[in-house]
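Structures follow.
In what follows, chain A forms one complex with chain B and a second complex with chain C.
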Partner chain A sequence: MSTVFGIPVPVILGQLTLGLVNGSFYALLSLGLAVIFGLMGVVNFAHGAFYTLGAFAALLGLQYLGINYWLALLLAPLAVGLLGVLVERLLLRHLYGLDALYGLLLTFGLALIVEGSLHQVFGASGQSYPVPDALAGALNLHFMFLPLYRAWVILASVLVCFGTWFVIERTRLGATLRAATENAPLLQAFGVNVPLLVAATYGGGVALAALAGVLASPVVLVNSHMGNELVIVVFAVVVIGGMGSILGSIVSGLVLGLIEGLTKVIYPEASNIVVFVIMALVLILRPAGLFGRE
Partner chain B sequence: MRLFYVLMGLLALALPWIGLYPVFLMKLLCFAMFACAYNLLLGFGRMLSFGHAAFFGLAAYVASWLVTAHGAGPAGAVLSGMAVAAVLGTIFGGLAIRRHGIYFAMITLALGQLVYFVCLEAPFTGGENGLQGVSRGTLLGMVPLRSDRVMYYLVLAIFAAVFFFIRRVVHSPFGHVLRAIRENEARAISLGYDIDRYKLLAFVLSAALAGLAGSLNSLVLGFATLSDVQQSTSGEVILMTLLGGTGTFFGPVVGAAIVVTLQEYLSDVVGGWVTAIIGVIFVACVLSFRRGIVGEVVALRQRRSQPRAAGPAEPA
Partner chain C sequence: MTVSRWMSVLGTVFIAAGPCVAHAAGEPVVIGDIDDMSGVYADVEGAGGVEAINMAIADFGGTVLGRKITVLSADHQNKPDIGASKFREWADQQGLNLLLGGSNTGVNIAMSKVAAAKKVPFIVIGAGGASLTNEDCTAYSVHYVYDTTALANGTATAIISAGGKTWFYLTADYAFGTQLQSAASKVVETHGGKNLGAVRVPLGAADFSSFLLQAQSSGAQVLGLANAGTDFSNSLKAANEFGITRTMKPAALLAFLTDIHSLGLKTAQGLYLTTGFYWDLNGETRAFAKRFFAKMNREPTMDHAGAYSATLTYLKAVKAAGTTDSDKVMAQLKKDKINDMFAKGGYIRADGAMIHEMYVMQVKAPQESKYPWDYYKLIRKMSGEDAFGPITGLCPLAPK
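Coming up: the complex of A and B.
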């Protein structure tokens, strides 16, 4: 069997695909964060909580309502997105015009409510979501076995990310959205319903997080703190990439996932902290972030 | 105001004799100290750190490790914990002040998580179990601290020293520049202040005092665990400061008293719902009384005494 630095190549490739899977979740989450921040100036600390809610929605939907994976992929983000619209209308709306720190604190409180409640109702131990039949098994690529589900997660995330990029950068709706980011009062004067647009954006960003949650549910343990741990890494990814550019957040999410996977092979003890160390290095060398324009 | 402090001081001296459990009071004072240190950064420097548990928790580990593994005395252990927190604060502060506002918050959060993972895996922290059986020892070889009441008065004295030190810092020329930076950073720069130096010094002071609180807390309780260094602890200290009143001197003390009491007694009543309830308090605080309890009281009193002339609020 061929090896690199004494490590079998299939092991390296396996960790790299796992890294890409994680990177896909980083990309989906940081994309949602970037879109919400761009329009509303709110750093959504509850993003991880909405990711967790997506996974729970899929799991509970399967257990109690018999909703299958493919339907959950559609319904869970929809339900969580609607919840996000409610949150924006009832709570976040009152903070516009104040210091951005208050939005961060409010959504931090929301995350505690969601995580605390889920923990209390469903306990600390996790459950897993069964891999759908069509995606069970692995592809034999001759140099490695690629589990089909991992390939699907990577493919689906990349498609959704680029779809979002396309909508924002290349469509009329996206143009309106970008106009609202630049000058909301003027856009409103042109007759666009800006408050509706803002609520829909928050709902959309949160739905992306929930979609990531559904995609993740068969590969991770679904429990109350799955989102919290992830969102801290995603924040570091955002600091590294900068929230100014959508493509930037997608690329840095995927690349950091890969680096994390590689670290698991070379020096497993550091795999939890490698993203934070890279963040510190970036802050020293390029304080504004790789794609940032602070 | 002076009368108020005298009354509060007398009350604090009497508390362990009127049926309140000294260990609970000491824990409350340690967290009040932590919140006051945090307030120096958030209230007077307007820097929102989401990683302050790193200083509190790492100092607790260092102090406990020195006591359990090397038989250090309480003074040496606590001062070493504080020194390590100050060094860590210099590194974190140096990195975090390179960015502003929300980025500052995200950077401190990530660095705090880094320290959490290091504490989880480092050989000297005892992993999931933490360090246990930390004895309080004898202060400077003279005063044995085993008695809870003796320890209480030591903690109270240190708390009072920290409280008045922070007051002194805020009223010093340094504190005035710090508040000027908080109000208008661009103007402070144009006036010729090297604002990064001021921000860093505020960060290091806050980290060192948080470390003092953490190492003292571990001596009081006799253990240091992962929960000291966890992100939830950073969240709690933010809540204490926000609930009591950011930028007031007494607010963090009130906030710490409320949150620690809630955690101690509420968990018997509502069980595991404490986290969710803390979340609800957070949301309510941000939506309806951003000035915090003490801040609202001060604002109310000022409105009464000067019905029309709205002057700038003086910290209480």
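Coming up: the complex of A and C.
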């Protein structure tokens, strides 16, 4: 069997594939953060809480309303996105003239309230969400068996990520959104409803987090803590990609997933800090991030 | 602000007046509980543990030696410094008579140092690390419900006798995980099995599949899960998803009833595990469980039952000794046999280990489960001596 650094090639290929799965989650989550920061200048610390809410929406929808997985993929992000719109209209809106720190504090407080409430109602140990029947099998990749569901996660995430990138960078709607960040009063003078646009942007970013939550729910136990560990890694991913850079967040999400996967074979104990080591290096060498503009 | 200032004033008065004030008749007997109330282990004991303590106090009659019994509880957030400083604060300012330690071995090791310094009896309920009665033992510590040695003796022995000779471990990378892995490794070696390796996984990892793939490529027959709580559940869930459970037999070195409830029987069926208590063992356990269920809307874990039993045991010792003086109560505790719904003929050894029967269980298949929470079937009862093993000599209080 051929080896690289004394590790068999099939093992490395297996870990890279899994890294891609995890990277897909990072990309999807950091994308939402990047959209919200890039277009609104808000550091959304509640992102992990919205991810958790997405998973709970899917779980409760299934348990109480019989909403299946495929419908949940659509309805849960929609519901959580609408909640995001409410948060923006009722709370965040008042902080726009102020330092970015206020938005950070507000969303951090929101995250604590959401996670605390979920803990109070559902406890800490979590519940299982079944893998949908259509995705229950496994693919034989010869170097490993990849559960069909994980392959679906990669596919779904890549499609959504590049779809979002396309909308923001290549369509008229995206151009209007970007114009709103550049010069809101001027855009308003052209008759565009800027406040509505901003609220929709926040709702959209939050919906992406909820979508990631629905995608994750068959893979991990759905509990009130599932978002708070992940969100810190995702913030590091966004910093590495360049705060607010859409493409940067997608690419660095996927690449960091791969690097983390390799670390898990070479030195597993370091797998939870490797992303932060890279973040520190990037901040020293290129403070605006890999894809960021100074 | 004013309240905490008043507290510190009161605390100063207590210190100035010395222990005679704190022990005067009319002063309440204070029992504290420091546990993970909001994190990953909160369901294993947490708020249910406080409820169990209150049930024990009510069953005892609410008073001891004519003094009222009060309960304090705090969240250690899985941080050793928070647990230790809360314990010190209560010992200095609240006249604490007994502390019950909840989950997390790391936090409990830190709190045992405070127990020794402040001379306050300290009964560990939720933490598993056997070092608490070995190199980290103190004259005031008791380890009540289970420890890593007993878990390994129960589960590892059962799996080896069922034919699982070669082992690979998925180990939580902190005190509890490494102690559990080394205890299981010893049992495997003693029974002629082989340890093929281990991967140390950071606590609270988001994804376990990479580590599981490494376990699979080791070619071992048994996947030893030396982790707990959400980490245990998520790793078993992923092992199922990746088909690893078809080639390797998973061994739950520590699993609580709440974990099995979260996973569901479809995923957890066939799993061997070791526990100090099961709600559906006999009439007495069912009676306790029924009362607990009425309050908490779930069946009790071994930690809930242990918190109840430990509180009763302490109160009985105080009554028998006729004082809350720490040294006299500790002597009484180590003299009495423990007989209640949790333990039969249990006793506290010189090193602080509470020696009692442990149960090796197997998780039922979905079709075997007849009613809600009907999850385990009993495979084997282990005597306390078999479960906790002989005194190792590592604790200076208990030479070999």
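In this text, the second predicted complex is superposed on the first by the 277 of 294 C-alpha atoms of A that agree within 3 Å, B and C clash if a C-alpha of one lies under 4 Å from a C-alpha of the other, contacts with A are read in each partner's own complex, and residues count from 1 in each chain.
Rule of thumb we're sticking to: a contact is a pair of C-beta atoms (placed from the backbone, for glycine too) under 8 Å apart; a residue touches a chain by one contact, two chains touch by 3 or more.
As the structure is a prediction and not an experimental result, all values here were calculated from the model.
Aligning the shared chain A places chain B and chain C in steric conflict. In the superposed model, A:Asn272 makes contact with both chain B and chain C. When the two structures are aligned on the shared chain, A:Asn22 is found in touch with chain C, with no touch to chain B.
Of the two partner chains placed around the shared chain by superposition, chain B and chain C are both touched by A:His119. Once the two complexes are laid over each other on the shared chain, residue contacts for A:Ile284 go to chain B alone; chain C is not touched.
In the superposition on chain A, A:Ser128 contacts chain C only, with no contact to chain B. Look at A:Gly227: by the touch rule set out above, it reaches neither chain B nor chain C.
With both structures placed on the common chain, the touch criterion links A:Pro147 to chain C but leaves chain B unconnected. Looking at the shared chain after the overlay, A:Gly81 reaches neither chain B nor chain C.
The superposed model shows chain C running into chain B at a single listed stretch; among 23-31, 77-85 or 257-265 it is 77-85.
Counting contacts by the rule stated earlier, residues 116, 119, 233, 269, 272 of chain A appear in both its interface with chain B and its interface with chain C.
Residues of chain C touching chain A in their complex: 38-44, 46, 173, 199-202, 204-207, 209-211, 213-214, 217, 229-230, 233-234, 237-238, 241-243, 258-259, 261-264, 267. On chain A, the positions that touch chain C within their shared complex are 8, 11, 14-15, 18-19, 21-22, 25, 116, 119, 123-128, 131, 138, 144-145, 147, 149-150, 219-221, 223, 225, 229-230, 233, 261, 264-265, 268-269, 271-272.
Within the complex, the chain B residues that touch chain A are 48, 95, 98-103, 105-107, 109-111, 113-114, 117-118, 121, 231, 235, 238, 242, 271-283, 285-287, 290. Touching chain B in their complex are the following residues of chain A: 37, 43, 91, 94-95, 98-102, 104-106, 108-117, 119-120, 228, 232-233, 235-236, 238-239, 269, 272-273, 275-277, 279-280, 283-284, 287-288, 294.
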